[in-house]
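Below you'll find a set of structures to go through.
After this come two complexes, each holding chain A, first together with chain B and then together with chain C.
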Partner chain A sequence: MKFHHIGVVVNNIVNDGKIIENVLRSRKTSIPFHDKIQKVKVTFLDVGNFYIELIEPTETETPVTSFLEKNGPGVHHLGFEVEDIENEITKLSKKGGLVVCKPVLGFENRLISFIFLDSLPFKLIELFSIPQQNNSV
Partner chain B sequence: MKFHHIGVVVNNIVNDGKIIENVLRSRKTSIPFHDKIQKVKVTFLDVGNFYIELIEPTETETPVTSFLEKNGPGVHHLGFEVEDIENEITKLSKKGGLVVCKPVLGFENRLISFIFLDSLPFKLIELFSIPQQNNSV
Partner chain C sequence: MSELNNLKLEIKNIFFNVFPNLKDEDFDWEKHQSGYEDWDSFAHLQLVSKIEKQFNIRFDIDQIMNVNSPNDFLKFVNHQ
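Our next item is the complex of A and B:
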């Protein structure tokens, strides 16, 4: 279970990305990826030894839109790369985790899943596999 | 400017630390450190390639108490280790950063400073030096 990124919800991934690049001297790593399942556009900024994922909702009624309306832009989840996603989901479920999104293909052709853990001070964890070889998104 | 930790405000660093250790399989790295200047107790959890700093206010009227009352437990700041803290503060100030805490000695005998950047989706950045050799806290 390796920490990979902080997921940050913003209004506009291009504009907010430019500001973060300027302030933190981060580097863009990908063109915006449109995740049609999650209904978001995402991009990743390389901050040296971790990534900041910027997330912008593409529709008016999504969990991310609700987050933005309630909290404004801010940290949404912590993302961890795992070797065996099903096994990690099972482990977190036994510790009280609620699977809010079962594994689906997402960024970089990875299987991604979101787990809500009410016991944690940061409640939303994203787990994702290494990039899959046999399918493309 | 090297990412070091996510600062998370909690109600109780011992109890919340145990929960995070259990869920994320992190390791405690220090006994709680009482920062009398910031009026908080902090501890660090090693999550493999970064740290989670847990922060618990020790007095009823502190910025961290206000954060807790307003938001509940959650991500409070991102912490970066820097080689030249004064130089980095100057750079961030030129980019709109507001110094909310000038460098003072903090955890691990480091000079720490907090900068508020309203343009960022995560607004509070902690900068800190490498541990200082000539003073002890």
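Our next item is the complex of A and C:
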């Protein structure tokens, strides 16, 4: 598994993105993307060796909204790029992982899955396959 | 104490572990997820994960989505 990003839930991806850009001197920020399935807006900040994914809920009744209300802005998940997503899911399941979302096609035509691990302090892992096309984040 | 009562006690303890602010009078076997103030998606996964570990069982993704009350968990565990 190759670490790719930290998913951070925020109130506003534009305002919070500007603050992070300024403080961490991020190299590039992607255009905000509205994920209508997950009911969130996301943007990626390139901070060098990895990305920060900012996640803003777009509706009131979503898991991300609930996370924000309960915990405030903060780390929501860690994202890892994997070569064989089904194999990694099997491995994590054997370690007590719950498959929250079976692999579905997501950004950059990657297969994306979320695994919940209660034993980890950050609980949620996002796995995604290598891109099917040569798009940059 | 009967096996079912033991089971109920263990499941109830898991609920109180996941919801430390839950009062005994607010716990109801039939009450659905929406009736519990702190039962959000993360808490739901914590409940499933702790119940899997406690009883050495596995939920598949549909089963995770279908359990919606303490009684649903009890029925699921009891049928394993």
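For the reader, a short list of remarks on this structure follows.
The criterion applied here is as follows: the second predicted complex is superposed on the first by the 131 of 137 C-alpha atoms of A that agree within 3 Å, B and C clash if a C-alpha of one lies under 4 Å from a C-alpha of the other, contacts with A are read in each partner's own complex, and residues count from 1 in each chain.
Everything that follows uses one rule, which is that a residue touches a chain if its C-beta (ideal position, glycine included) is under 8 Å from a C-beta of that chain, and two chains touch if they have at least 3 such contacts.
As the structure is a computational prediction, the values presented were derived from the model and not from experiment.
In the superposition on chain A, contact is made by A:Val99 with chain C only, not with chain B.
Between chain B and chain C, B touches the greater number of residues of chain A. Using the contact criterion defined above for the overlaid structures, shared-chain residue A:Ile6 touches chain B, although it does not reach chain C. Touch criterion met: A:Asp118 reaches chain C, while chain B stays clear of it. In the superposed model, A:Leu78 makes contact with chain B only, not with chain C. Contacts of A:Ile31 after superposition on the shared chain: neither chain B nor chain C is touched. In the overlay built on the shared chain, the residue A:Val23 is in contact with chain B alone; chain C does not reach it.
Once the two complexes are laid over each other on the shared chain, residue contacts for A:Ser66 go to chain C alone; chain B is not touched. In the superposition on chain A, chain A positions 117 are in contact with chain B in one complex as well as with chain C in the other. In the complex of the two chains, the chain A residues touching chain C come out as 63, 66-67, 70, 96, 98-100, 102, 116-118, 123-124. Of all the residues in chain B, the ones that touch chain A in their complex are 1-3, 6, 8-10, 16, 19-20, 22-25, 47-50, 54, 73-75, 78, 92, 95, 97, 117, 119-122. Interface residues of chain C facing chain A in the complex, by the touch rule stated above, are 38, 40-42, 45-46, 48-50, 52-53, 59, 61, 64.
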